[in-house]
């Protein structure tokens, strides 16, 4: 509908050197980034998600340096101050061993981040290549990959994860392996579907007709166009995988006490409800806020990366 | 030796569902099509949806492997080439796509799209690539700064020019244009058609022009083939075909086009019904289900053979035997 | 201008569209009338505002980011822009019906044609505070399908949308538009998705229906040929303005606005041997910062100083021929002072 007014510094580009050239080459990219920020800023919920996730990452990064009682992360015992209510000394109160709940919740952030990132990266690492292969090659390869994926999707994820942990033994590493193994099928489905629809686009045909090989088509044409849905799904899944890992910690097959992991903390804290409510409340809140943050962020990403809504505001 | 010679070319697609179910029939998209194109001419293929004209174009470029038949391009049979040879031969034959927007990767700037063939075939990069792309942009009438834009920042006409620039990158001898202007507005269409014509003169290109728009075909082409359900039903020099159509389908097609003039001609031939599905092609003459000039049972039972009317005019109809 | 009383009057409609880079002025003071039994074609290229006009009449524009800045749309002396969504619902389909470009997207694939048509017919009856039994609605649906020349409507009514061909689906959609017995039919590119032989069938059908039921028709199309086949009058739009409004005969025999002339010179004519197409140089303007004065002036070969400063308004140059162009200043009726015809820019 509208023609972009194109700045006319092209004439002196040759004389004014590298910087102008660089700016000219990347102007469109920056305009796209600005549009993303604009769309993002139109949605308060996505902004809240962004802030929550930002805080989560920040706390995970600097946690060990800001906590008041770093030694409480592990097996320290201060029986004299056990189950103290929240106050100026212990913001979130203390647990049954007298450890500071605030310290443990903060340090739990890093554990959760590590769990989430590793699970999602592993799931993407398995799922994305399989999905692209299935979608692009098609035929029996597609059928084989997709039917195996269907089998995995047919079994409830947590049950399968429990079975895998049953075989490997409990622990934080094993629960990450188990969750990674049940998480990939979603990515296969997503990427395969996207690949199938991209394959029909005429720019793929155009690339073929100028002689592009298979690797070029997959890595330079299909994969970059799959990134948007993958990013959306990954940010939603971050929250879900942290929740799942906390769930495993809660039923006692994930992280083992005294490791400062939220699920494992709640697992013990529930024995002290309702009188010593702070012990369960704060780790629970941490899980809640984290999952909420990632979901809101994912929703926001979906809106800003949707080509239709981009086109809408661009025109 | 003709420049392009298509001989008895057919393309059938099997309709399949899932890996346990059996084939549900065959789409006969192109059925033994033969024609020849001279170097430097514009050969038009016109037809409605389902006529197989798009499949024909893609088969000639070997984006689709034909079921049977031969395609001689400069005397080389494209159907017998191995993939590597084919890749090299594709330099000489390029395609312009219908929807200029979806023909460009939305995540790549124009310089990457236009430069892709140069990177693949000539391993160009850096300054040399930028210079060559800039030259190409100049040829198609775009500015240098358009090089660094994303497709969505250009208008439809500009995007189509980018598509043309990409096709020209390897100095092809022939362009297959698949509905190159149907996504464009008429004023832009006129610019693009004129530009394509000038380009043909300048670079000595041969055009295979595929379109459903009869007016555009008449404007651009030297010879025209009319396709219906996978067959060429009539082929003639352009003015002869438009002024003296012989096949009943061609006549109906021509009279269906609403003319941009105040008084519409009274002698409209309205075709009854729809185009039959290419899965279930009628026996005999494939047009008999809609034809108002049937001459008897021969039309429903026997497939007509091509009749040469004059040296350059052949028609597939029992009526003209 | 039109002897019959107008039933739809669009007056100085201005619509803005908020975008990331600013406000796009997509419709810039558009006025026309539609009389009973009148057939008006809105013609223009992509982005000229023809579809937006139609959607505004039916109240189908998404409100943010669209903003209706000024103007009125009078339908039987009521301003449609003032009506509530509930009142609009009563008018939509009942009194003003729309036929869309792509029939498949406007039919629900999971319901049979029978179900969808009965729903529409009973919905219209409900709005008129009447009740219609399913049986009666079905009979009416069959008679409507008959009216749009669907063969064997009694057998085919139970079919699902995908069992119909493109042309047949468009007929079904027309039948549904007729269900409420509307006064005005708005057809937005009704044949663009169809093949030419099918297009010819649909255009003939629309022509016959208009003759039979005396609907008023607003036909929106980019194809001058399609408009010529159906309409009596035509409005040519460019960049959010109507630049010329006249009869079909005049537009082809005596086009006045430079844009109309350029448009006509851009269309290859099937019936004639090759002649040179001229085209229009340049491209459609930026809507966020549109050209001052006449929006066509950057592409116009006849531009004068005044064109770059003042916006021309539609004015009669002869009976039933209105043009928005300063080239015809001298033929404006002397009774009305030209200053009144010219709107100074703010």
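Annotations
We just call them A, B and C in the order they show up, numbering each chain from 1.
Methods note: a residue touches a chain if its C-beta (ideal position, glycine included) is under 8 Å from a C-beta of that chain, and two chains touch if they have at least 3 such contacts.
If you're wondering where the values come from, they're calculated on a predicted model, not measured in any experiment.
Ranked by how far their CA centres sit from the centre of chain B, the chains are topped by A.
Across the assembly, the chain pair joined by the most C-beta contact pairs is B-C.
Distance between chain B and chain C, defined via averaged C-alpha coordinates, is recorded as 33 Å. Remark: chain A and chain B have CA centroids separated by 47 Å (rounded to whole angstrom).
Contacts with at least two other chains are made by residues 46, 283-284 of chain C. Under the contact definition stated at the top, the residues of chain A that touch 2 or more other chains are 3, 314. Residue positions of chain B touching 2 or more other chains: 155. In the complex of the two chains, the chain B residues touching chain A come out as 19, 58, 61, 63, 87-88, 90-91, 94-95, 97-99, 102-109, 113, 116-117, 120-121, 143-146, 148-150, 152-153, 155, 163, 166, 169-170.
Chain contact summary for the complex, chain A toward chain B: residues 3-4, 6-8, 10, 13, 24-28, 31-32, 140, 143, 201-203, 205-213, 216, 220-221, 224-225, 307, 311, 314. Put simply, chain B touches chain C in their complex at residues 48-49, 155-158, 185-191, 193-194, 212, 214-216, 218-219, 239, 242, 252-262, 264, 268, 270-271, 274-275. Touching chain B in their complex are the following residues of chain C: 45-46, 165-168, 195-201, 203-204, 222-226, 228-229, 248-249, 251-253, 262-271, 273-274, 276-281, 283-284.
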